[in-house]
Amino acid sequence: MIRVTVWNEFQHERTQEKVKEIYPDGIHTCIAKFLGQEEELSVRTAVFDEKEHGLTEEVLANTDVLVFWNHMLQEEFSDDVAERVRRHVLAGMGLVVLHSGHYSKIMRKLLGTSMTLRWRHGDRERLFCTCPTHPIAQGIPAWVDIPEEEMYGEFFDIPKPDDVVFTGWFAGGEVFRSGCTFTRGLGKIFYFQPGHEEYPIYHMPVIQKIIKNGVRWCVPVVRRPAPLDNAWVNPSTEEVYLSSHQK
Amino acid sequence: MIRVTVWNEFQHERTQEKVKEIYPDGIHTCIAKFLGQEEELSVRTAVFDEKEHGLTEEVLANTDVLVFWNHMLQEEFSDDVAERVRRHVLAGMGLVVLHSGHYSKIMRKLLGTSMTLRWRHGDRERLFCTCPTHPIAQGIPAWVDIPEEEMYGEFFDIPKPDDVVFTGWFAGGEVFRSGCTFTRGLGKIFYFQPGHEEYPIYHMPVIQKIIKNGVRWCVPVVRRPAPLDNAWVNPSTEEVYLSSHQK
Amino acid sequence: MIRVTVWNEFQHERTQEKVKEIYPDGIHTCIAKFLGQEEELSVRTAVFDEKEHGLTEEVLANTDVLVFWNHMLQEEFSDDVAERVRRHVLAGMGLVVLHSGHYSKIMRKLLGTSMTLRWRHGDRERLFCTCPTHPIAQGIPAWVDIPEEEMYGEFFDIPKPDDVVFTGWFAGGEVFRSGCTFTRGLGKIFYFQPGHEEYPIYHMPVIQKIIKNGVRWCVPVVRRPAPLDNAWVNPSTEEVYLSSHQK
Amino acid sequence: MIRVTVWNEFQHERTQEKVKEIYPDGIHTCIAKFLGQEEELSVRTAVFDEKEHGLTEEVLANTDVLVFWNHMLQEEFSDDVAERVRRHVLAGMGLVVLHSGHYSKIMRKLLGTSMTLRWRHGDRERLFCTCPTHPIAQGIPAWVDIPEEEMYGEFFDIPKPDDVVFTGWFAGGEVFRSGCTFTRGLGKIFYFQPGHEEYPIYHMPVIQKIIKNGVRWCVPVVRRPAPLDNAWVNPSTEEVYLSSHQK
């Protein structure tokens, strides 16, 4: 079983009528539900208001892939928890970051850049697949229309991604690297831009399929309890080899 | 003029006889001297013991490329100064990080990974050029022998570099990505592994040439006073365009 | 089932006693045998002396991953068959190229560079994993010793790989990008350097595991009968969208 | 001096009135003229109708950067000349390929993929800079509007570029990797999509600046008379080193 934790800030859905209508039980519940349809996924959720944001050492140690959505409380998010998540990613935990999560402390710590972009409400997006050989693109059409979406536009200040799986076209005249993969330490990261809370984007089957693909791609190849550490090698690898292979 | 600041921890050279003999005025003075031979470079130095480590806002604002060597005082380095350097790199300042600087707070903040590796004293290295088209490789032979060097070995926990300009072979049986480039925000970073303080590596003309090439490559293409920020785009780029291009 | 075709030049094993002893039925039979132990792999073989080298349109159309070993008859290999293989790779067929296959017409056509390197018989190699998050590295130790191997050394004139999964250290003093991945068109390519015919390298379980991992990684995400073609888009994607989404 | 050869098919400008009005002396003359304004560039031109298309061994041996525009006569272009250009690129010659040159035999040979894309006449493009640290982006605004341009759209079947310097937004609803860099052998390649012959795109100062930047970036770091060749290394690099460094 792949153990998935879906984390959501869960603020908009409790305070804005429009959002509540779309995600009455929160974005996390919506995502957990469609992920839970997959037999090999075991899904739980956590939200901002829980103690340690619900991302305790124990939860993370038992998570293969963390799916993360946040927006309003970027700065209020605990530095310690952000650092803890970073350490688990470096130790191999997969991370799927959605929409405004690009600016989470977690992502800024992991990627190091400003993570800034240009944005505007009330646009329309067309996602083009620009890396059809990527497992995240499996079964996804050449392009996907999202009738209503917040615009995120270039220049997006990220390190060069391993792959730009999706590139977004916006009716308002901008482009965006909307689906990007990164590897940090032993952890795989998939950033996926769609998902403004005011539009029912996570109800779209094709978006759900992309997120499912993303979760599967992020499953650790190797998982450790902690990030790698510096290691003193003495005697040398050659000395060890020669001592055991020569008469 | 390219304004270069050479920063050195400057501890070993004052406490260890062996190091003092090789670098009587400190590694920074040695590096500043050979860089200063280049007409287009204007070089100054700074060391750990200065106030704010000599890396004040004013110094960094007037630095095009920072060359950085440290080792013993990784954790004692000011968090605030490390963050300040990170911000200037994101804003365009070039950064040449030497040897044990891989584990500086600056590099860990900028690159996000553990930056760990395997190591051992008393080895010998052969640097192979694995990206001969890179400006940093200009005029450098296909390989360079370093008769005495500390071993740094894989796995080196870094994000995938833009280019691996040099790959190191060690007599003790390991390999290392010894010369790596990264881009973060608007800043270019060149990490170059050679330079253990107990060996006269920065006196080698070919090593000096690589560092000179590295400095030139790191010169900003664009430089800002601060990293990029999120920007609200309203009206849209299309609206602006259409309003000025249609009757 | 993943349909694998293992192709071998099959010359050395019939003419050189030393090679015949190691691979009495040919390298292809050895590889087919260990791949065949995997339940999800359906394996067949083909060799140079067959008509069209055994790589007919029909064989390739029914191959998910082609494993390829050649050496002596690089120039004698049919241009037409090389082009046919290239087209199937661009259309999605996976390709695992072993050892001296780096210089096959297939690889030169697909990658475009000279594919040249430095080489010498009678060396010893240590493979370091330099991308532990890659599926091909799954279950492989941090390094693998190959007691006898032909040396392949840098500079290796290849396009920048997607990932350098393994980097080789040679006792004779060189390094090599020994395990590299590429994507061309819809096809995934894994080049793996070990496997000189005079040493029993493909009998090593860890090498077998790497090749099995390589085959699995090369399985097409999407497979077409032919490479992609230019496509005239008229009316535009916007016109199509707007005509169906507006009243 | 940087020796630049500007090559043009030079067919449209002699047969289509609309094109003749925009480029009365041919696209090559227009490009040669604005490049010639740069002091360090020494520019000549060549066209399809010349013997060997004007790209003789001697011309190429004396060219640092080749700028290439073609369209109608892709298949009529000599295989031998295409192969000759490929060899000079692998030997270090820079190559700036414009617009429909993506589908030239030269590019297909060098990059190996189908080089196909989606296209449509009569669109409008906005180029976004998606790699502001690249020398080709120096002095170029965050985006550039091209009022009339042929649409080139994704999926563009190219190998993963070293950098995607510009990403194009098209009013008709598509995106494109409009400015891409590649390195093949010792040669640097800049592919730049703008420049349909029916619109005065090469008269735009900002487009001229991008092409000038591209030419400068493509200047060889190392230039050889021929591509690299396989090299037999005997005695080993270690033997040579040890024989000269030990008593």
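As written, the chain order gives the labels A, B, C and D, with residue 1 at the start of each chain.
In this section, a contact is a pair of C-beta atoms (placed from the backbone, for glycine too) under 8 Å apart; a residue touches a chain by one contact, two chains touch by 3 or more.
Since we're looking at a predicted model, the values are computed, not measured.
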item: Interface residue overlap between copies chain A and chain D, same or different (over half shared); value: same
item: Magnitude of the superposing rotation for chain C and chain D (Cα, nearest 5°); value: 180
item: Relative to chain B, chain with the most remote C-alpha centre; value: C
item: Chain centre separation (chain A, chain B; CA means) in Å; value: 30
item: Centroid spacing, where centroids are CA-atom means, of chain B and chain C in whole angstrom; value: 37
item: Interface hub residues of chain A, defined as touching at least two other chains; value: 126, 132, 153, 155, 160, 173-174, 183, 237, 241
item: Partner chain D, residues of chain C touching it in the complex; value: 86, 90, 103, 109-114, 116-120, 123, 151, 153, 155, 157, 159-160, 162, 171-174, 182-185, 227-234, 236-239, 241
item: Parts of chain D lying in touch with chain B, wherever the complex brings them together; value: 126, 132-135, 137-138, 143, 145, 147, 183, 186-188, 221-222, 237, 241, 245
item: Contact footprint of chain D on chain A as seen in their complex; value: 126, 128-130, 132, 142, 153-156, 160, 163-164, 167-170, 173-175, 177
